[in-house]
């Protein structure tokens, strides 16, 4: 299989999708951010307050998904038709789990938008809690599922 | 210790750093992206060619670092004075390791810029290789070191 | 009626419009900016010159409308197909009246684009005249009319 | 007094502030958004939930303030050192009141950043509630106070 | 023939293309950058290395093409479906020749995207080599060909 | 002399200027755009009207200069302290001449900002007149002069 982003001169190009059909597409991505027990507890307390860390991360992730083609060099601009992010606090493993779903109706996939959403949401959590925990670590940023388009449905085992 | 991003109404604010001194600051961040052996080999071959995946990821990471305050809601705009990214191919664990160093002379830290650089570089590698490997996973996004500013030097374990 | 931007966790989401039909849509918004008589006269003189305040406000409003989905967190990206702004100098009430019309063919409405256009045009007038009049006030930023889409035509009485 | 934004050809320019001294500067702006009683009550209920309308408006206003020089054509880029937004629900007049404070240490004022913050926060409230109330109106967008710089302190009577 | 960007008040507008048909469109633009012999040789050497000047210019040109509607005031946002850039080193005339092809399926042309791509690629070459050659000159930025849309095919003689 | 943008791995980096002194800096760039006689006459007529082509190009050039570090990959973010653009209609050679001056007080030069200003102003003229003249050509984009910084003053012979 070819790396499709490489042109005849051996340099990067934005792949031509002009001839692809418009189909509804969806992608789900996951990330988690490990932290100290104490940090996780502070985030949990925050969810009771109004402007909690997770609400800001939610907004950041959605706005970040809209910037995907501005951030990832060879990504096509996409008319994202929907985006949602969910958080889950895992007190057993001291981490926040982040899942993002992005949707579009278009000629190319929306995987990168969902991956940008979870990554930027995780980095926003880092930013807002770094004063109390510099060692937080973002891990397992990965595509869980995608549907639509010529390559069909993918689901991570 | 307080979460400094929360205002009196319990909502998020951009912390006031007007009174902080300008000091030279540096931050180093790390991330890695796991992949199939075959994908790693393709990337390695690419480093011989002109427009290889890692060169595009390098540009993406540096440009992404410059967008940090546009992406992370409560981050201050910063005059980044330098940014560099290094890649290392790890054939034992089938992953690419990414290290970014960001520098500034200013009133607030540059940790988030270095973390955005490695995250966006990693997502760019994902984007350019996803046609041959959808299961690549970005992990261990973390701050390795930071110096400058009132809180002084931090070095991970 | 539900606030549609809220997800199951009670946090904000970008509403899914994947299933909506593409229809031609139009929105008209209004704003005015009150100022000192003298400021209004200076603006009027300017309209005779080449690079007058209103020409800059016109460009700012149109470019601002294109940034709507980058500025308003839950707005969908939209392919705006047309945008125009008109100014009217009201010497009876010492204000400039601004009307913006935005158009698209798409799955979701273009109201926010027209509201961003008039708001940013008004703020640009403020910026360019603030040296002579700090007390200018932007008021009556509102949607006058919208057509297209499932909810049909709205006209402010 | 001259309109300082006009060059010798009669066209707009970005005023040269190279020779101005760096001083701490602060600006406070105000805006309000009128709505139906019912809409205001829904927003109030929301403040109990996690991802309420005002939290999103808060994030939008702060991020919007950071985009000021990208939105307002003749504005200088500014290193905003702090930004906060407060909301107050006024049930007597059925409106939300918005106050934003922006700070910098620099060669030019930060008035436009505070005005962008309140305007964009107000438009975000509009966006998130427009499904239940299209007639909301943003008014009284104005500078309340500014300090620092050669022209000294201004306070609206 | 009329200048279509001018509204009834004599000010600029974004032309309404709502009624235009969606067609596949392509545009090819050209630019060259003249430089000292020595600079050209350094660029050539670089093409052997991994992160050469032309690879960075390639990424910059493609990302710049995606920013066209953000940079050129009256340009419509466009869903670019493909973009490629080619470089040719001309040792007879001591210049680098740049050709960019942009594609879309839409209601309006993609000429400006191709012109932005070559211009920004050329300016990136200037930026990366200016330490050794400040007198490089970008010339002959022009549209070579466009197809699709109502006005049909254009080819520069 | 070394190409300073290349790191130890042979890839591009943003040069570290942390140790450079802040000095006032100025750069002047030039570009011209050749066109049909008739197009030039239409532009001249326009300068009498309110929203003429050159006013829009002026705003585009200044706003584009502010985007320089977002467009040119290895450029440092800069606090531009002033920017002005002048146009001159040359009826002998059927072209518009564009000169831009950019100023800053900082650790690194402002050449790229002045070059972006003239390039983007020229492309805006192309965009607004392309309906009547597709063969316009931008040429002679070059640095005329720069002062400030360690490398001192440069003036094109």
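Read from first to last, the chains carry the letters A, B, C, D, E and F; within each, the first residue is number 1.
Assume a residue touches a chain if its C-beta (ideal position, glycine included) is under 8 Å from a C-beta of that chain, and two chains touch if they have at least 3 such contacts.
Keep in mind it's a predicted model, so treat the numbers as computed, not measured.
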Co-neighbours of chain E and chain C - touch as defined: A, F
Interface residue overlap between copies chain A and chain D, same or different (over half shared): same
Farthest chain relative to chain A (centres taken as mean CA coordinates): F
Approximate Å spacing (C-alpha centroids) for the pair chain A, chain F: 36
Whole-Å gap between the CA centroids of chain A and chain C: 31
Chain E and chain F, separation of their C-alpha mean positions in angstrom: 16
Contacts with 2+ other chains: residues of chain B: 7, 9, 11-12, 50-51, 54-56, 58-60, 63, 67, 70, 73-74, 77-79
Category of the chain touch graph - line, ring, star, complete, other: other
Which pairs of chains touch, using the document's own definition: A-B, A-C, A-D, A-E, B-D, B-E, B-F, C-D, C-E, C-F, D-F, E-F
Touching residues on chain C, where the partner in the complex is chain D: 1-7, 9-12, 31, 42, 46, 49-51, 53, 55-56, 59-60, 63-64, 67, 70-75, 111-112, 115-116, 119-120, 122-124, 126-132, 134-143, 146, 154, 156
Chain C partner contacts - residues on chain A that touch it in the complex: 24, 54-55, 58-59, 62-63, 66-67, 77-87, 103-105
Chain A partner contacts - residues on chain D that touch it in the complex: 47, 50-52, 54-56, 58-60, 63
Contact set on chain F toward chain B in their complex: 7-9, 11-18, 69-70, 73-74, 76-79, 106-108
